[in-house]
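Structure provided below as structure tokens; questions to follow.
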Amino acid sequence: MKQYKWLIPALLAVYVAVPLVFGSDNYVMSLVIASLVIGGIALSWALLGNLGGMVSFGHSAFFGVGAYASAVLTMQHGVPVFLAILLAGVAAIVSAILMLPVLRLRGPYFALAILAYAHIFRILATEWTSVTGGSAGIANIPRLPAIGGFDFGSKTGNYLVILTIVLVFAAIYDMIRRSPHGLALRAMHDSDDATRVVGVNNTLLKGLMLLVSSFMCGVVGAFNVHYINFLEPDYAFSTLWVTIPIVAAIFGGYRTITGPLVGAVVVYLVDQLVVKSIIPTGHQLVLGLVLVAMIIASPDGLLALMRKFMRKKDAAA
Amino acid sequence: MTELIMQSLYSGLLQGGSYALIALGLALVFGAMKVINLAHGELVLLAAYIGYTVESKLGVNPLLAIPVAVVLVTLASAGIYLLVGRIKTNREINSLTLTYGVGVIITNLALLIWSADVRATSSSWMQEAFVVGPLYSMRSEVLFFGVSVVLIAGLWWWLSRSWYGRAVRAVSSNRDAAKLMGINPGFTELVSFIVAGIMAAFAGVALFSYGVITPAFGGVLTVKAFIITVLAGIGSIPGVLIGAVLLGIAEALTVTLASSALQELAGMGLFLLVLFVMPNGLFGAARRRG
Amino acid sequence: MLQLENVTVRFGGLTAVNNVSLQVGSGDVVGLVGANGAGKTTLFNAISGLARAGGRIVFDGRDVLRSPMYQRARMGIGRTFQIPQPMHELTVRQNLTVAQRFGTGTTDARRIDEILEFTNLTAKAGRDAATGLALSELKALEVAKALATNPKLLLLDEVLAGLETNGKRHFMNMLKQMHEAFKVGILIIEHDIETISNLCQRVAVLNFGQLIAEGTPAEVFSNPEVVKSYTGAEHA
């Protein structure tokens, strides 16, 4: 229980202090909310990578499906926003179920297959105009509603909602990781037969991780849609939602749970505040460079690199 | 109606030549190094833009861009090989992310240098109609189809007859045994990257000569190349050829019979079909676990 | 409990197991011997589901030929690998936790402690399974993992190979105790004639994938056919 002593003050800080201090500054709040959205995607990506053992280059598929599902549900079927967000997560699960046959492909083939699926969804969104409004997109998507006097549609409201979503997902990730299922998942990457021979249904567990990851990513996509109130196919399925979370997760250390979140905040903030002012178009270039550099220097993330550096210094001293 | 279908088959066939070049490059590198170069489509993109630059800056026929493209793209390809070589652990997965990053770099460089505008060749020589009976095409399509055929035949000869070619096959089937026979796997892998680069260069100039290019289409090409390798099954050059032609034809038919907007969907549809119905591809060896 | 009828395993053109029929009843200890490459491990692979086979494999009254490996494990077929395959990234105790949870569907920490005691791994329970153990401990872990799934049938693949005399003796005692305490049927592959004679009521001999003899140890090891097939296969 000792490790949880920092939890209460941390929660207080993020739930109370941040809105109090920055609540009136729209710009800062926007940055924080956006980085939490990225963090949510990065978390779902890392979960799939770590527990599912699958590297995905197509998480934009789940993000986009969640976004469109929620938009359509609220605008064409009058579903309340919060419920729509949940259902959008379910829609993302359905899209993941369509991907299950791809599970039997080995690592690189799986990654590419997911990428292909992401393309398919993007094209479907562009062409299925009757439902999705085609390439023109959908505008005026409802904001988060006011409940019990508190307007969740405000900047602070949005912040609290995405914060909660991300924290809940982190908790779920942690729970799974510690459970026997999590243990089996971690073992099966290098010990496929060793787990099967004691009764683990490897395929089922991995499939479940795909579904969990897709749900999380879909919910984040849905939230995002009610935050920015606008949607179009090239945005919803943009490769940005593939690249930034991968860079964030790897930069922050994708083997941990906090890594992707910290990475998301850092990478996104640096990208928006520093890089974009220097190279407005093509600023993703820097993301690509960071990714390449990280893989070569320290695929386990910046923290791991720093720890190695510290150890070398200690050894030299 | 039949003329339309015949025309589609013909156009698809011609397009298949370039697709085959691209897919073969991807397959060659994978065979030699067990690495999928996610930036392969971007190499083709690079060549295409080199074609554009040569044409617009020097005012000459894009064919003359080929030597430049070959040199630059091969250098880039070798560069990717060097980067991949620096990966210390988990090469299979990390190389994916690494090459993906390289792809992002190239795509955004293209965006920076050439902007997002759609480019196409303005060479009338390239665009001139070339008629064979009732079948119509652009001169560039037929020309580059011929080039592809020559290159692929050359590749086939090289793989089966030359020492390097056999070395590549040896390394891909058993790396350690190959080492024992005096084959340097590192060098063989480099060679495969270089050959893939050469083919990508030709394919890029080809695509510029008869199609339209934007920075985004690098990623799309990688996906198509991958779809073709899935169609073909593992380790089969004839399979790649047939897969490439199939994809070209499927796309052409979709454009003719449905709409041009759904063109991309054709490939994806084929891909899903194969995944569900024939997971070993058309010619792949069965590799299911017991 | 286990009935093999005309089991055949083919890899391409090679027939590794050829028409083998064998029975193991609950409470039996049956030895499986033969020269290297005779097909013993392949037969184990067929029984546990790692290799595709033809013929009939009936376990506990059910035909398991089409059942995937994990299902056979849950039904009660436990198996050790000749080259130990610990579950990576997990500790010894976690290895057993996973085995128990998925092999039996329940969690029983006390039973895990018992098994750790029994296989002498209690001191190493917190060590990383893949990197923190000596060879004899890895082999003990193989047995422990299999035991954690509450098996009705245990397939032991050369658990003694590579151990020195003391280790061997300890293991043999453990196997005897295991048979009595846990009431499992055992099918054991070993090269050492003395061990087999000591442990097994029955012995089956494979040669080039075929069953060439079956009977008590005394009968089998005095059979000239068997002796002939064995020459050149003895290792120290």
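Letters A, B and C mark the chains in the order given here, with residues in each chain numbered from 1 onward.
Just so we're on the same page, contacts are C-beta pairs under 8 Å (C-beta built on N, C-alpha and C of every residue); 3 or more make two chains touch, one makes a residue touch a chain.
As the structure is a prediction and not an experimental result, all values here were calculated from the model.
Novice: Report the most central chain, judged by the distance from each chain's C-alpha mean to the global C-alpha mean.
Specialist: That would be chain A.
Novice: Tell me, please, which chain's centre (mean of its C-alpha atoms) is farthest from the centre of subunit C?
Specialist: When every chain centre is compared against subunit C, the largest gap points to B.
Novice: Calculate how many whole Å lie between the centre of subunit B and the centre of subunit C, each centre taken as the average of the chain's C-alpha atoms.
Specialist: 50
Novice: Once you find the CA centre of subunit A and the CA centre of subunit C, what distance in Å lies between them?
Specialist: 45
Novice: Averaging over Cα atoms per chain, report the distance between subunit A and subunit B in Å.
Specialist: Chain centroid spacing, subunit A to subunit B, equals 32 Å.
Novice: Which residue numbers or ranges of subunit C touch two or more of the other chains?
Specialist: Within subunit C, residues 50 contact more than one other chain.
Novice: Would you give the residues of subunit A that are in contact with at least 2 other chains, written as numbers and ranges?
Specialist: none
Novice: Where on subunit A does subunit C make contact in their complex?
Specialist: 180, 183-184, 186-191, 193-202
Novice: Using the touch definition from the top, list the residues of subunit C that touch subunit A in their complex.
Specialist: It is residues 48-50, 68-70, 73-74, 78-79, 81, 85-90, 94-95, 97-99, 101-104, 107, 130, 145-146, 148-149 of subunit C that touch subunit A.
Novice: Any idea which subunit A residues touch subunit B in the complex?
Specialist: These residues of subunit A touch subunit B: 55, 57, 101-102, 104, 107-109, 111-113, 115-116, 119-120, 123-124, 126-127, 239, 243, 246-247, 250, 279, 281-285, 287-292, 295-296, 299.
Novice: Which part of subunit B faces subunit A closely enough to touch in the complex?
Specialist: Those residues of subunit B that touch subunit A are 30, 35-36, 38, 83, 86-90, 92-94, 96-98, 100-105, 107-109, 111-112, 115-116, 219-220, 222-223, 226-227, 230, 261-262, 264-265, 268, 271-272, 275-276, 279.
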